[in-house]
Every structure is written in C-alpha cells, then in structure tokens.
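Common to both upcoming complexes is subunit A, partnered first by subunit B, then by subunit C.
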Partner chain A sequence: MDVLLQALLNGILIGGILICLTVGFQLTFGVLHVIDFAVGGWVMLGGYAAYWASRLLGVDPFISVFFVFVLFAGVGCALGPLIYHVRTSRYARPDLMALAFTFGIFIMMRGGALWLWSFDSRSVDSVLSGASLSIGPVTVPLLRLSAFGMALLLGLGLFVLLYRTRFGMAVRAVAQNRDHAGLMGVDVKRVSAYVYGIYTGITASAGVLLATIYSVNPEVGVRYTLFAFFVAVLAGLGSVGGVLVAGLVLGLVESLVGTYVGTRYSLLVVFATLYLVLLISPKGILQRGI
Partner chain B sequence: MTNKISRRNFLKGSAYGLGALTLGAPAIHVRAQEPVIRCGVVTSLSGENRFGGNLTRRGYDLWAEEINKLGGVEINGDRYRVEMFYGDAQSRPASGADAAERLIIRDEVSILFGPYTSGVTLAVQPICAKYGVPMISGSAESPNVWLEKPRFNFGMIPAVDHTAGSSIGVIAEATGAASVGVVGVDEPFSKETAEGFRNGVNDTGLELTRFELFPANADLTPVVSNLKADNPDLVAVGGHEEVLINFINTAKSLDFRPKAILMHYGVTAAAFADQLGADANGVLGISVWTPNLPYRDDLFGTASDYDELSLARWGSHPDYTEAACSASGLVLQDAARRLGKPPVWDRQARLELVEALEETDIETFYGPVAFEREGNHYHNNIQPVPVVIQITEGRVVPVAPSDAAQTELVYPLPAFS
Partner chain C sequence: MVSKLSRPQLASLLALFAGMVVLAVLPAYIDPYSLRIVTGVLMWAGLACAWNIVGGYAGYISFGHSAFFGIGAYVTGILMQRDLGIPFLATLPLGILVAVGVAAAIGGPTMRLRGAYFAIATWAFAEMLMQMAIVLDITGGTAGLSLPAYLNEFFFYYTMLIVALGVYLGTWYLLERTRFGYRLKALRDHEPAAEAMGIHTTRVKVQAFALSAGITSLFGSIYAYWVTFIDPRSVMGPEITDQMVVMVLLGGLGTVWGPALGATVLWLINRYIWSELGDTAIYLPILGLIIALIVLFLPNGLISLLPGGRRGHGLLGRLLRKL
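And now, the complex of A and B:
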C-alpha cells in the first residue's frame, strides 16, 4: 500500500512536469498552427539562464524564474512575427516551412548552448533542492511539488487569460479563424507575436524548474521536445485543457508501470497509450483537439 | 571596343587572384612540409555522449601537443610531427562509421584514435577492417567490442566485465554490506556494467534485492522509490554522468540514502563532483587509473605529473578515460618506433603496424599496456588493476583494496547535507 501511494504521488508529480512543458506549446499551436520543434530548446535555455543566475549572481531559481519569464517572453515576442511570416507565407506548404524554421532555431539553440556552456551537465541548486515532506509513508519532494503547483497555476492563469480578458477573446478568435478575426478588427499578427511570447516565457520558466529537478545540458532539448509532442498529441493538438488531463495520465502511467512492471517498459506503455488514444480518439483525450 | 582593361575588370581580376592565392596557400604550405603522421580521432563531440567524447579528445590532443613539442614521433632517429584530424560521431554509431570513412578517404589518416562509446566503436571497427587502418581505442569498455576479435582495434581500458564484478566483492569485503540493489540504463555500456555488478553480487554470495534496467530518458522517481522500499545496503548504478547526477538528485529529493552508492562511469570525472557539490561526497566508483599510482614514462613523467599537466591545460583533473586516451598516443609512438618505417604508411605498412601494436609491452604513466592475443578480451589491455575510489571533499580518493587505499572507506554514508 505504501509503495502504491508513493507511486501515485510520483505519477501526479511527473504529470505536473509534463504539463509545465506542454501547456505553452499547445497554446502556440492553437493560435499559430505551428508545431514548434524548438520547445525543448526554450526549456534548455531557461535552465541555463537559471544556472547562470545561480552561479554568477547567486540568485535562487525560484526568484530567477520570474526574470526568465520576462526575458524569454520578450525574445518570443520579437521572434513571433518571423514565425507568423513563415507560417502565413504564400509559398507552398507554409506549415512544413514553419516546422523546418523552428527546427532550424532549435539546432542553433543546441549549437549555441554547446559553445557557451560546453558539454558538461549542469546542476542548479535551489533552496528546495533535496527538501522533502514526509506524510505517513509517503515522501513528497518539494521541488516536484512546486513544479506541480506551477502547472496548476499555469492552467488557471491561462484559463483566466483566455476566458476572462479581451486579449483572451482575441486569442480565441484568432485560434478559431484567423481571417475572420482579422476582419473583426483583431490585429492577428500582434496577437500571434504575444502568444508566441507567452509560450516562450512559460516554457523557459518550466526549464528553470526542470534544471533544478534534474540537470541541464545542450542535449536535453531533444528529449523535452519529444515529451511535449507526446503530451500534446494525447491532449489533442491545440487543446490547452486537454494538456492537464494528458499530462497527469502519462505521468501516472509512467510511474505505475515503472513501479509494478519495470521502468524498462514504462516508455513502451506510454507509447502504446498514445497509439490507442490516437486510434480511438484522434482528437485527443478530451476530443477537443484539431 | 578597345583592348584596354577597365578599372572594374582590373579590380575583379585582382580580387579573384587574391582569393585563389589565399585558398591555395595552405596547400602549397602543406606540400612543402616534411611528412607527418596523420591521425584521425572519431569521437562524440556532440549529441548525448558529448561529455565523454570531449574528454577523449582532450586526452588524445594532450598527447599530440606534448609529442609535437619534442618535434614529433621518433622513427629511425628522425622525428615526424603528428597532425590530428577529427570526425564527430554525434553520439550515433552510423555517424561514427561515416566519420571514420571520411577521415580515412578524405583526410588520408594512417591511424585512428577510437570513439568514446562502445556502440560507436563497434560501428567503426568494420571500417577499419575494410581499409586496413589500425585503431587505438582509449575509451571503449564494453566486453562486446572484444568478443568480435577485431583485428585492427586495440583497447586501452579493461572491459567492464573485468572491473565491475570484482569491485562488488572488494566493497563487500571492506564494508560488510550484505544486500545490493543494481540498476542501470538500458543501453550497451551501462547495461553491461549493471550486468557486471549483478554477476559480482552472485559470485560473492550477497543478496540481490533488485536488478532493473531503465531507459535513458526515464524519470527516476519510480526506480528510486523501489530501491527505497527494498532498502539494500549498497546501490550500484550503471550509467553515464547525466544519469548519475539525476540519480543523486532524485534520491536526495525522495530522502533515500543507502549505506553505500557505487557508480560507473562518470563519477571519476571532475564535472560530477563539481556539479553535485557536497552531495557527491561518499559516492563510490571504479577507476583503473588515479594520479597517485606509481607509474611513469618518458613523455608525461609520473601519473601525478600527467595530472598536473592536464589540469593546467584543460582546467580540470583528468579521469582514467583521459589518461587512457593520452596513453594511446604512447602506444602508437612505441609501435611506430618498432615498425621503423617513416610516414606516410601504405596498406602494407599499416598491416605491419598492427603487428607491432599486437606486440606492445610497455609501461606508461597510465600503467602497463599489453594487449591480449586470444580469448574473450582479444586486443584489450587488461593489465591495469581496478581500484575502488570514493568522492571525498570533491576529490577522487582510492579507498579499496587495502593496498591501494589512501584513506578509509566511509561506510555507512551520512545523511545528505
């Protein structure tokens, strides 16, 4: 029973990490219709920003996370119009061109990180590193709990932004139909740039936590891109709400299989789950995807 | 129309001429030089294994720099400089094979220095055989590399089946540990390391509480939670540096501290202790070389001299992989001297070089080097004796067996700071 409780908790907390990774990715897909291959790159750069802030300035990741959000949101806003331009170009297959464009950005990020921070894996310390809470037989790692808290906050924050603000209404309008939204007076290009900025800010902030929980190196981006893609597909591409459910489902599957069947098979079962969902419900777990 | 050259054409022609001269100059320069020994390095300079790959490059480069300071490798009284060419395996076996082929065909290297991972080494071996180019592998530790009896490949570090298993017995004897949990990443080297640990547990009659392999991308909380539930005295982990760092971070976050933790490979690299800080202290590892060993050679001096040289050159203390890679150059030097033929070496000369390498029997700062001529460790140098090390105040310190120990093994480990 103790092991089961710990496994369930581990699964929920892994789910929190997956949600942090994917929620921005979903938002940007819903609005810009871009599968952003650079998602793992933003996570990696966020992690390195926290590493520098910690090593050079002595700033704890829980403080630097806010600065990282602002910094990367700014970078994303600057890059957003370029992505929009590629995605809406009149040349053939702009969807594939956008995919290739973000892939190129990702390659540059990876190469740049290798050049700037070399090949070592970097561990980022925070006040919560190694801290845990014991509730009966269950150990709750506080860092992972904070990531889960961040996932909940992000979910709630995005809900408020999308459904309780005028900007959110504009975002939803662009997501539904870009041309019609433009005809109704929405500045589609600007909204898209802001959405891309929100996405990069959120994803880089998630990177801060992930670097603290695990470690960061120039190659981690590939792994995070893959995981973000799996969660997004399970959630239904473009469905922000679906991410919350999909992240938790995948986290629980990974943890329970790892505990009771063998960690060796956990990714196999995760892929099998993904396959089954695509077969039965191609629009994702909540049937709300594109 | 006139025959006069216009100013535009004159400038254009001058620019082309200058460009051609600039591009052509290096070729003229190279041709004017003495023959050199062209060495290729195939290793993972990017990708998942870039950490170890770059360590191997450091080792090979340090040898090349030092021997070139003396004027090069001595053959029949003349010295021939060493020129290094690099091929990035990108941590993928197929890319490693491509890189090796490029080095051999395009860069016309006479010898290869081998990759960091055993997977890439296995992919490069057939290329060496195809072109008849010998390779000295300063890093590969998988026993599978030598089971194939590769004619052209020579390994400097004893295979992990030779080192991992025996270390369990040594630790059990030093600590009295009775139960062991073994986990490892499900990829060739780490899996074989974990299997080596498991065999060591079985051979010494200890209780094996768990044997589990996991994918490199897996979150480690289920693995650590299971180990915590079993609560063995010793936890042995097979993996590379990133997984080892994540393992310690996860164990700390789940408040799990076994009496002893044994890891292989990466724990002896300076980056492990640098990144984990105090949490690295107490972790055990296996090493076939440490700077305090009593070996020496004419180029690097003692093991301690090599340590200082490498620290001054790269800014961190070398681990046994870097040392083995530098020693690979010493092996080439010795074989080339006995071959007695100046470069450039044609296929026949390279075949004779392979025979010379087979007859290697030297002592270096890294330890004795002689390659097996038969059996399951064919062409593997199994001379170095593995010692158990423990991270103590961020330093790699030998703790067992007793004749190699510099300090007492800390057991059981204190709680995480």
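And now, the complex of A and C:
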C-alpha cells in the first residue's frame, strides 16, 4: 500500500512537469500547425544550460531557470520566422517539409550535444537535493515538490497570458483561423514567432527542472520528444486543456510500470501505449484533437 | 527503338552502360577499403530508394524504417546461429516475408492516419521494436549477436550491386510505368480526389509501405552478414532512419534517381569525416544542418540542379522514358 501511494505521488509530481513540457508544444501546433520534433532537444539544452550555470557560475537551478527561460525564448523568437516561412511556403507538402525541418534541427541539437559534451550523464545539484518531507507513510522529496510547483507556476503564467491579455487574444485568434486573424489586423507572422519563443522558453525551463530530478545527457532528448508526443496524442493534437489529464496519465504510467514491472520496461510500455492510442483513438482520449 | 533516340540521349545511354561496366569491374582495381565504401554507397542508395517509395511517391513521411532494417538483420542473424545453421541466401526471403507481414499488419491501421500522426506512429513503432530487441533474449539484448563470418568483400560488393540495381530498375518500372505508380502519385497529390476516382487509397498505401519495408529488410539482412555483428543500436537505431530521410531529401524527394545521388554524396561525406577526423559525433550536427538547409533553400534536392532535373525529368529520367 505504501509503495503504491509513493508510486502514485511520484507519478503526479512528474506528471506536472510533463504537462509543463507539453503545453508549449500544443500551443505551437495550434498556432503554427507544426509538429516540432525538436521538443526534446529544447528540454536537453535547457538541462545543459542549468548544468553549466551551476558548474561555472554556481547558480542554483531554481534561480537559473528564469534566465534559461529568457535565453531560450530569445532563441525561439529568432528561429520562429524560419519555421513559419517553411510552413507557409509554396512547397508541395509544407506540413511535411516543416516536420522534416524540425527533425533536422533536432538531429543538430542531439549531435551537437554529443560532439561537445560526449555521452556522459551530468547531474545538476540544487540546495534542495536530498532533502525530503515525510507525510505519514510517504516521503516527498523537496526537490520534486518544488519542481512541480515551478512547473505549475510556468503553466499558470501561460494560461494567464493566453486568456487575460490582448496578446493572448491574438494568439487564440490565430489558432482559430489564421486568415481571419490576419484580416482583423493581427500580425500573424510576429505572433507565430512569439509563440514559438514562449514554447521554447517553457520547454527549456521544464528541461532545467527535469535535469535537477534526473540528470542530463545527449540522448534524453529522444525520450522527452516521445513523452511530449505521447501526452499530445493522448490529449489530442492542439488541445491545450487535454494536456492536464494526459500529462498526469503518462506520469502515473511511467511511475507505476517503473515500480511494479521494472524500469527497463517503462519505455517499451510507453511506446506501445502511444502506438495503441494512435490506432484506436487518433484524436486523443478526450476526442478533442484536430 | 534506338533510331528514336537523339544524339545526347544516345550519349547518356552510352554513359549509363559505361557506368555499369565500371561498376562491374571496379573491385579488381581498387583497394579493399575503398571497395567497402562503394559497397556502402550501393546499400544506402538502395535504402534511400526504398524510403522514397513511401516518403516521395506516397507522400507519407516514415520515421520508422530502421525497424524494417532491424527486422531483416535480426531474422538473418538469428537464423544463421550455429544451432539453426540456415544458409544465408535462404534467410533473405524469410526476412522479407517477416518485414512485409509486419508492414502490412501495422500499415493498415497507421496508413489511415494523416501525415503527422503517421510520422509519430512509425517513429513510436521503431522505438518500440528497438526496446524489444534490447529486452528480449533471442536477440542477445544489448550484448548483440555475432554471425558466422564470411570475409569475402567481392561477394558483398556484387550482392549489393545486383540487389541495388534490381531495386532501382524495379521501382522505376513500378512507379513510373505501371498503374500502381500512377495511383500512388495521384493519392500523394490529392488523396480525397484520388479516392473519388475510385482508387482504393488505403490498399495502395499499404502495398507501397510493404514493398518499401521488404526492400529495407533485404538490405538489413545483407548488412548483418556483411558486418557479422549486430546489436539493437547499430541496426535499429534512429540514425538509420535519419540517414535515409536525409539522403532522399538531399537528392530529391519523389524522384527516381535523386535518392541514389543523395546517398552517394552523403555516404562519401560520412566516410570522409570518419577517416579524416576519426570522430563521427560531428557527423550528426552536419546531417541536421543539411536537412535544415535543404528544406529552406533547395526543397527539390540536388537533382534539381542538374540540367532539366526537376522532379526526375532529368537526362536519365528522360532517357529511360524513351526506352
């Protein structure tokens, strides 16, 4: 029973970060209509940024996460127009070309990390590492709890931005209909670039949090791209609300399989579930996708 | 027939024959190391061609072709173990059979998915298969599998040459000359319209996918016997799919000879980096950069740079159309 409670708690805490990892991805799909293969790459680079910040400058990851957000949002804003250009080009299949483009960027990130920093796993230490809180039979690692809180904060910020500001209204208008939003005076290209920037910022921040909990190496990108796909497909592509449910489901699946079946099977189970969901209900379990 | 050919066409026909003669006698004149490189070029050209059937002609981007390469490699690898001892050539059709069966089984449901979902589904499938190869016992897990060594570079060169040539001529005929090819291109260009014309789109897509999977598996089998040692990463890793995608994009998506061109260029770059720098890690970022640059600046691939080379209407394409 205690083991089950602990596994459930761990699943929920990780699920919160996975939600944070996927909301930006969903937003990008809704606005730019691009499946970004590089999502795991941003997570990985965010983790490395936190590692180097703590290693070279001695900055705690819970402080550097804000700087990472700003840094990667800047990078994303610069890259966004290129993706927008490919997606709206006159190529025969702009959607597939955009997919191939982000695929190329992802390979570049993974290869670059391998080349510069080799295969070694690097862990990022925080003042909170190792400390934990005991509530009855379960122990709550403070690190995971604060990372969960930080992820909630980031996600909440995004929702406020989307539903309480003029910029958010423009974003939602573009997501609903690009042409009509353009006719209403929304600068679609600029909004798309900003959305891509917000997405890379949030995703890299999630990467910082994940790097403090696990560790970071060049291969984690593939795993997190898969997780983002899993959550997005389960939620229905483009549905931001469905992510809340799907992220928790993935967190719980991974934690329960890891506890009861063995961690080496967890990826296999995740892949198989993703594949089955795609076959049975391609619009997501909530039937909200597009 | 020959009288219809104009002078430049005759010249390129001669060039084609000359090229074949050169390929046929090449092993006698170059050192073993170069021979291995040329064998690699032939293999990758064939693999790129296989990917192009689905990616270029059907318009469905597959990120999971490494699965079929791995299936071929593992079928050959497992059947050739000492206790079974099945001869190499007998394992080839079995590998193809397994790959085609798997492709037909998963193709039916996944090919109904739209572009992006299909890409994700194939990718998830390939990763799942690689994880399976890691945890199963029969595949040797991460420790890998050793095959009986047959150290005859000439044998592998000529096998690759014959298979690659067969694959190219076969796909060229099938995709540019038969109703199957027209159906495939029709559904790529506009699927609902193709369906309205009475084309059973799902069946055609699954046939194309199975054909592509079978060819990929065949090369996987030969590769396993050639390198004599396989493990999950080396025959099912994402790098294999990555390279196939890049080669086709580089050469020219949906063209007959583009994949061969892309494969030749990329594999030579790969080997050059390997031998000059002794470090393949830098190869991956270069691969990624090539994809990004091609998508941005040269969406029709290198073949569009050749005179009249857009969409396979180049010199060779025009020539073969005349035959």
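Going forward, the second predicted complex is superposed on the first by the 260 of 290 C-alpha atoms of A that agree within 3 Å, B and C clash if a C-alpha of one lies under 4 Å from a C-alpha of the other, contacts with A are read in each partner's own complex, and residues count from 1 in each chain.
Here is the rule we use: a contact is a pair of C-beta atoms (placed from the backbone, for glycine too) under 8 Å apart; a residue touches a chain by one contact, two chains touch by 3 or more.
The structure presented is a predicted model; accordingly, all values stated were derived computationally and were not measured.
When both complexes are overlaid on chain A, the residue A:Tyr91 reaches subunit C alone and has no touch with subunit B. When the shared chain is aligned, subunit C comes close enough to touch A:Gly112, but subunit B does not.
Within the superposed three-chain model, A:Phe66 lies out of touch with both subunit B and subunit C [touch as defined at top].
In the superposed model, A:Tyr163 makes contact with neither subunit B nor subunit C.
Once the two complexes are overlaid on the shared chain, A:Asp120 sits against subunit B while remaining clear of subunit C.
When both complexes are overlaid on chain A, the residue A:Val233 reaches subunit C alone and has no touch with subunit B. By the touch criterion defined above, A:Gly104 lies against subunit C but remains apart from subunit B after alignment on the C-alpha atoms of chain A.
In the superposition on chain A, contact is made by A:Thr263 with subunit B only, not with subunit C.
When both complexes are aligned on chain A by C-alpha atoms, subunit A residues 114, 118, 226, 264, 267 touch subunit B in the first and subunit C in the second.
By the touch criterion stated above, subunit A contacts subunit B in their complex at residues 2-3, 6-7, 10, 13-14, 17, 114, 118-123, 125, 129-132, 134, 139, 141-144, 213-215, 217-219, 223, 226-227, 254-255, 257-259, 262-264, 266-267. Note for the complex: subunit B touches subunit A at residues 46-48, 50-51, 53-54, 186, 212-215, 217-219, 221-223, 225-226, 228-229, 241-242, 245-246, 249, 252-255, 271, 274-277, 279, 416. Across the interface of their complex, subunit C is touched by residues 35, 82, 85-86, 89, 91, 93, 95-101, 103-112, 114-115, 118, 222, 226, 229, 233, 237, 264-265, 267-268, 271-272, 274-275, 278-279, 282 of subunit A.
Against subunit A, in their complex, subunit C makes its touches with residues 59, 61, 63, 109-110, 113, 115-117, 119-121, 123-125, 127-128, 131-132, 134-135, 238, 242, 245-246, 249, 279, 281-292, 294-296, 299.
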